[in-house]
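Each of the two complexes below includes subunit A, the first together with subunit B, the second together with subunit C.
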Partner chain A sequence: MTSSDTVLRRPVTASPRRKQTLSRRTDVRDGLLFLAPFLLVYALFLLYPVVQSVIISGFKWDLLGAKPKFIGLDNYTHMLWGTDIQWSPGHAWVAQLIIITITLLIARSLFLRAGRRRAGAVAVAVVGLGIAFVLGFHPGPDGAWNDANFWTSLQNTLVFTLVSTPLLVGLGLGLALLLNNKRKAGGFYRAIFFLPYVLPVSAVTLIWSYMLNPDRGLIAGFLNWFGLSGIPFLSDPNLAMPSIIVTTVWWSVGFNLVLFLAGLQDVEPSLYEAASLDGAGYWKKFQHVTIPGLSHVFVLVIITQVIASFQVFGQVYIMTKGGPGTSTEVLIQHIYEAGFKNYQLGYASALSVFLFVVMAAVSAIQFRLIAKDA
Partner chain B sequence: MRKIHRRIALTAAIPVITALAFSGCSSSASSDGSAAGADSTDAAISAVTDAQLQGASISLARFFGDCSDTVGDSTNVSTTVGECATITALTNKFNAENKWGIKVTRLGGASWDSYYDTLNSAFAGGTPPDVAIMHGSSLVDYASRGLLLPTDGLAKITDIDLSDAVPAAKTAIGYDGTDYAVPFDVHAALAHLNVDLWKQAGLIDAAGNPVMPTTADEFLADAKTMKEKTGKNFMGVARSGDQLGVHVFESLLQQGGGDILNADATAGAIDSPQGTTALDFMNKVFAEGYADGNQTYDAAQQSFLGGDTAMLVNGTWVVDQYRTTAPFTYKAANFPTLFGTPAVWADSHTWTIPVQPQADPVKYRAALEFITFLYAHDQDWALGTGHISARTSVLNSDTYKAAPQRANYADTGLTIARPIPHIANWPAVSKALVNAIESNWFQGSSPSDALKSGQANITSALNQ
Partner chain C sequence: MVTVAPSAVAPDTAVPSRPIPSKDGQPPKRARSVRYHAFLIIAAGTWFLPLLWMISLALTPNDVLQTSSTSLLPTALTLDNLFNVFNAGDLLRWFLNSFVVTTVTTALTVVFCAMAGYAFARIDFPGRRALFVVVIAGLMVPREGMFIPLFLLFSGTGQQNTYDALILPRLAAPLGVFIMTQFFSKVPAEMEEAARIDGATRWRIFVSIMLPLARPAMASLAIFTFVLTWNDYLWPLVISTKTEWFTVTTGLASLQSNFAATTNLGDLMARGLVGSLPLLVVFLLFQRQLIRGITLGSGEK
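Moving on, here comes the complex of A and B:
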């Protein structure tokens, strides 16, 4: 008798409950078997390095030689603390005010919704106020952060993420709306907008470095027509980060465009017809049909975009190397330099773990705030 | 209940076991730095016979780029121009002419700033190259970890005369009283001059040669004259996206008697009267419009070659390029001394032999023969690239002096060059220095705040 015979026979005698259990077990087994190849690779190349990174962060671990020495949380202390660190309530009052305002607005909005959101509102309020509290720490008159560049690069990374994400999402959606039609040239424009995304970062930055060159660049040439001199986009601390953001948007907006386009084509056309019959205009249809219809795409795009923005590195390193000064230095660059230029693998791991925790927390909050509705 | 306890125990044990596994399995570099170890290695290398060397193959890691397509198999080093062509021709020459048939295979060919990442990966992976080029400023990080063979004893085996090395080159190869490399050159910042503009401004002597300023006041006065008479910038330097601007600061700081580090290299020392004077002077030059403070390397070079800058501060590596392409009368000169003591930023290229896991004496000997050959052809390198020879005998030779421009800046190699501090962890210290100066130039910090925080950050980097 084969095992399949057994499986076939059992349902005849088994109770409905037992039948259900057996079926569930078989499903779980089959599911696991199908997932196994992915899980294996995922565990080997993603989970294992994460665990390894956490472990290495507890060591003074030299890239090139000396035996690692366990130092507990010293790497984290070095990263987050300094000498003569003090706390003043309004030290970074502008940032604190902005964070508290945004936090309270989100928390209020969540609180006023269904009851199940109240825990989320409290969590958002606690996190926001916690960040505002932490911003009160600063070095005293004779003090200094142990690693001032860490704070600078964190700040620059946050600025990049906060500015580039809405741009990439908004432009991606806008372009998708423009191209979501059956006109002849639609495919051509879709290809044009998506094309930069397939280029490697080195090619993209080369193109933009030439474009932005104040002496020989395309923009400088255009300005010269009008008797104006070239603008040093990458040498000016006020223009360097915006230039990198523009480069990034040009490079990767095509991917979001494709996702939004796919989402738009999934929205049920009858809903638009029904809305038209109800007298809804373009804006009302967009507001009440398109946006809810794209909610699952929004979740995907926003979360992946934020994660990608936190990991910005290639375009910054090639275009400005973090300069002028430290005006465009980002966290991944700081991690890279700590590990590979300064040989401090343990400290670089601690920085990586910090970034991982920040990204995980931000993703969790985003998921909590927007994914449930999707 | 027992099941729960078992799970808790297992969960707690996993990180501990993993941690122990990681701490136990980490690689530690095999150190050959002990006197006894070095002596026995030297003896084994010395004992290698010609027969054993026949057909040996070694790998070479270097930067300077890849130009094998243009140079091909050429061995004619007398006609090459530029770093890549010259080192390629020199390697071809060794491959073609060495009596043992040793074959040198090049690894990579990267630009210098990404080279060390590749090299570090090779060391970390236990597969270092047989010969590796290194800047003098980077050598200490590797020598102090026991990753390089000491060359004191090796030099005697193949008669490398290290006493012939100029002081800056000799400093570059040493660590803790032992040599770990063979020097190849000294490269430093020079003043590249557009003689036509100097003539137009009347800043020349009776023989028609530019008269370099000898004080800060003279510099500012000359700059003013240049601006008034020609409308051009007196000075050009890549201050953005490049470290040459900071190298000018370092040079002026040292000319005034200051330094980047204190005497025992345990703390930063830039927050000094000399540091303030140097930074204030540079800020004045930019503020008065005598130099453009936003220039990148390309922009500064283009401005100079386009005839808009009278004096460009750039390295030795562009002498031949400017000599052959500048559409005006070009002259290379020593960096001007404005604060008393002649000093200018300098570094060196050096050849090292990494310690190998297999410690094969034949490969070591083949590597030694190759770097001996390179040291013997130091003149070819200096004449082909514009770098200052690492050897006193070359700098004083008639051939070198007769070569275009070389005599104009030979003093930089002999006496003026100030090597980068020869310490471990220089990349982190250098970054702290650059950040400090650039925070004043680009991010609104006052000179005093920039120097103060820079000094604290340099000290912090030294203590990492």
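Moving on, here comes the complex of A and C:
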């Protein structure tokens, strides 16, 4: 694994002779010339939008009509606050308990490891307890959130992420373990599992919306075979999200499979050899060689998956439009609709900034872990 | 740690998913092999089922599907759906759009990223490290979250429904720079030295020595970019408001508004199939490069 540091660490030159042939000045000139095209598009279409969305989020900025008006943090209060908001410790205690447990487990495992991970353990604990604390806020009997849909969409996004990530990671790893050998047809199986990943989202939804259709779908046909009637997967609030998760798993498990396969091939074969000589069985080898050897791939796959899942949009928007009701509305859809259905670009930008902050935090964890592994 | 040369290790012991054959109580090798393949054929078959069904529906006449569409294999065969794909609607135009957007984006991304990667890896200029950090920090920006300011940027200059708008934002791909920088930093310095002593310019060295060396990395980046661009959904949805400016991906999605009432299911599936065809071809021809692109892009290897 290579981090940003190791890429640049190597010396660029091998011999001092170079200094005679090319001066420092040509280095500067050439460096800038070679970077210019990329830096131009990068600054215009990535850096500028980030800055711009922070700026717009301070305005009441309607797509149609009135001139933008500066309103300070009002968009953020609209997003995060409500009327008659109270705090009580045990509100949403199930979620709080889950978060605290997970936090403490991660913090403990970080703390027990040697090295400089203590600061990380403390950071994880603080963030986790902070989230649990924030969950204690809720509207009082006469109150309401300013934008209840924001919270619904955030919750749906979290549910999607927390359910689909373990499924995709677990299934990807399982398939990779099955396929990581020199048997015949391994490449063929891999190709089949990987194939859906290249399909456009609208082809995937075309297939699955129909697969899941209670009257005309393949699954309904299968159920009819057993004398059962079709299930309205996408129009049942309790089944819509699971259906979307299944669709997503089918579509994208190949991505993780490929990463795990690459990781497995990097595990030092001599370690298995040594473990066999020590009389280790399959399970012991898996536990003590495969899992440690894959640890960095695990981190990578999980974080990539979390980042991708948090930005889920296409399959949800095409298959259910966020419905039935708001049962599958996700964060990106909420941003999209705030901007292009309600024409509130300022508020939509504030939502984008929220997404950006969450994603940046997750990526920062990734960078730290990768930098330490390297 | 004792390192054993890979060739000295028998494949059986090197493979974690497969117990040592000689172990007591294990069924004979052949039987286990049959069991292994039986399991995987069922699993892979299940995975392939949805696609198979799509192909089957695309080959079934529409009026047959009106009465029943729940069988896996076509009950009657026709090629009409496939022949009609380009007859009605804007699919041909969407294909043209997708094709232009994807090829231009891919070509420019590869060139820009290769140039930037070469500069970061091989040219020693002040501020190089700081700039690289700025570019890598771009990996943290949620790609799907920045469409509001981008929309304002393009609609402000009246560039909705143009190729510019569909292509330009895609080019800011820090991941590609990361991949190419990683690649170029591994090329031995001697390769450049010789040419430099001969008095070759930087550009010449880049074009005639570095680019040919980087062909595999560039191929992976190109295929990966091709797939991602063809499949991009949110940005084309935002910036293309007229049907003739849809891409295949957004266009296909626009056809799926009311499912239950669809009378021409066969046509719909045929369009989905044809719309995915370029990707299926890319997949069949360049699977290896695509997979390499994924592993390179993740910083793995």
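Following the convention adopted for this analysis, the second predicted complex is superposed on the first by the 316 of 374 C-alpha atoms of A that agree within 3 Å, B and C clash if a C-alpha of one lies under 4 Å from a C-alpha of the other, contacts with A are read in each partner's own complex, and residues count from 1 in each chain.
The working rule: contacts are C-beta pairs under 8 Å (C-beta built on N, C-alpha and C of every residue); 3 or more make two chains touch, one makes a residue touch a chain.
Note that the structure is predicted; figures quoted are calculated from it, not measured.
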item	value
Which superposed partner A:Lys67 touches (first subunit B, second subunit C, both, neither)	first
Partner chain(s) touched by A:Thr290 [first = subunit B, second = subunit C, both, neither]	second
Touched partner set for A:Phe340, first subunit B, second subunit C, both or neither	both
First (subunit B), second (subunit C), both or neither touched by A:Phe194	second
Subunit B versus subunit C as contact partner of A:Gly325, first or second or both or neither	first
Partner chain(s) touched by A:Ala364 [first = subunit B, second = subunit C, both, neither]	second
A:Ala203 touches, of subunit B and subunit C: first, second, both or neither?	second
More subunit A residues in contact [subunit B versus subunit C]	C
First (subunit B), second (subunit C), both or neither touched by A:Ile56	both
Partner chain in contact with A:Asp215 - subunit B first, subunit C second, else both or neither	both
Doubly contacted subunit A residues - partners subunit C and subunit B	52, 56, 213, 215-216, 340
Contacting residues of subunit A [partner subunit C, same complex]	1-4, 7-8, 10-15, 17-18, 21-22, 26-28, 30-32, 34-35, 37-39, 41-42, 44-50, 52-53, 56, 177-183, 185, 188-189, 191-196, 198-203, 205-211, 213, 215-218, 220-222, 224, 250, 255, 258-259, 262-264, 266-274, 276, 281-282, 285-286, 289-290, 297, 300, 304, 307, 310-311, 313-314, 318, 332, 335-336, 339-340, 345, 348-349, 352, 355-356, 359-360, 363-364, 367, 370
Residue ranges of subunit B touching subunit A (in the complex, touch as defined)	15, 18-19, 22-23, 26, 28-29, 116-117, 120, 123-124, 141-142, 145-147, 240-241, 294-296, 298-299, 302-303, 425, 427-428, 431, 435, 438-439, 441-443, 453, 456-457, 460, 464
Footprint of subunit A on subunit C - complex, ascending	1-4, 6, 9, 11, 13-20, 33, 36-37, 40, 43-44, 47-51, 53-54, 57, 65, 69-72, 111-113, 115-116, 118-126, 128-129, 131-136, 138-153, 168-169, 171-172, 174, 177-178, 181-182, 185, 188-190, 193, 196-197, 199, 202, 206, 227, 230-231, 233-234, 238, 248-253, 256, 259-260, 265, 268-269, 272-273, 275-276, 279-280, 282-283, 287, 290-291, 294-295, 298-301
Sites on subunit A touched by subunit B in the complex	51-52, 55-56, 58-59, 61-68, 70, 144, 146-149, 213-216, 232, 234-237, 320-321, 323-327, 337, 340-344, 347
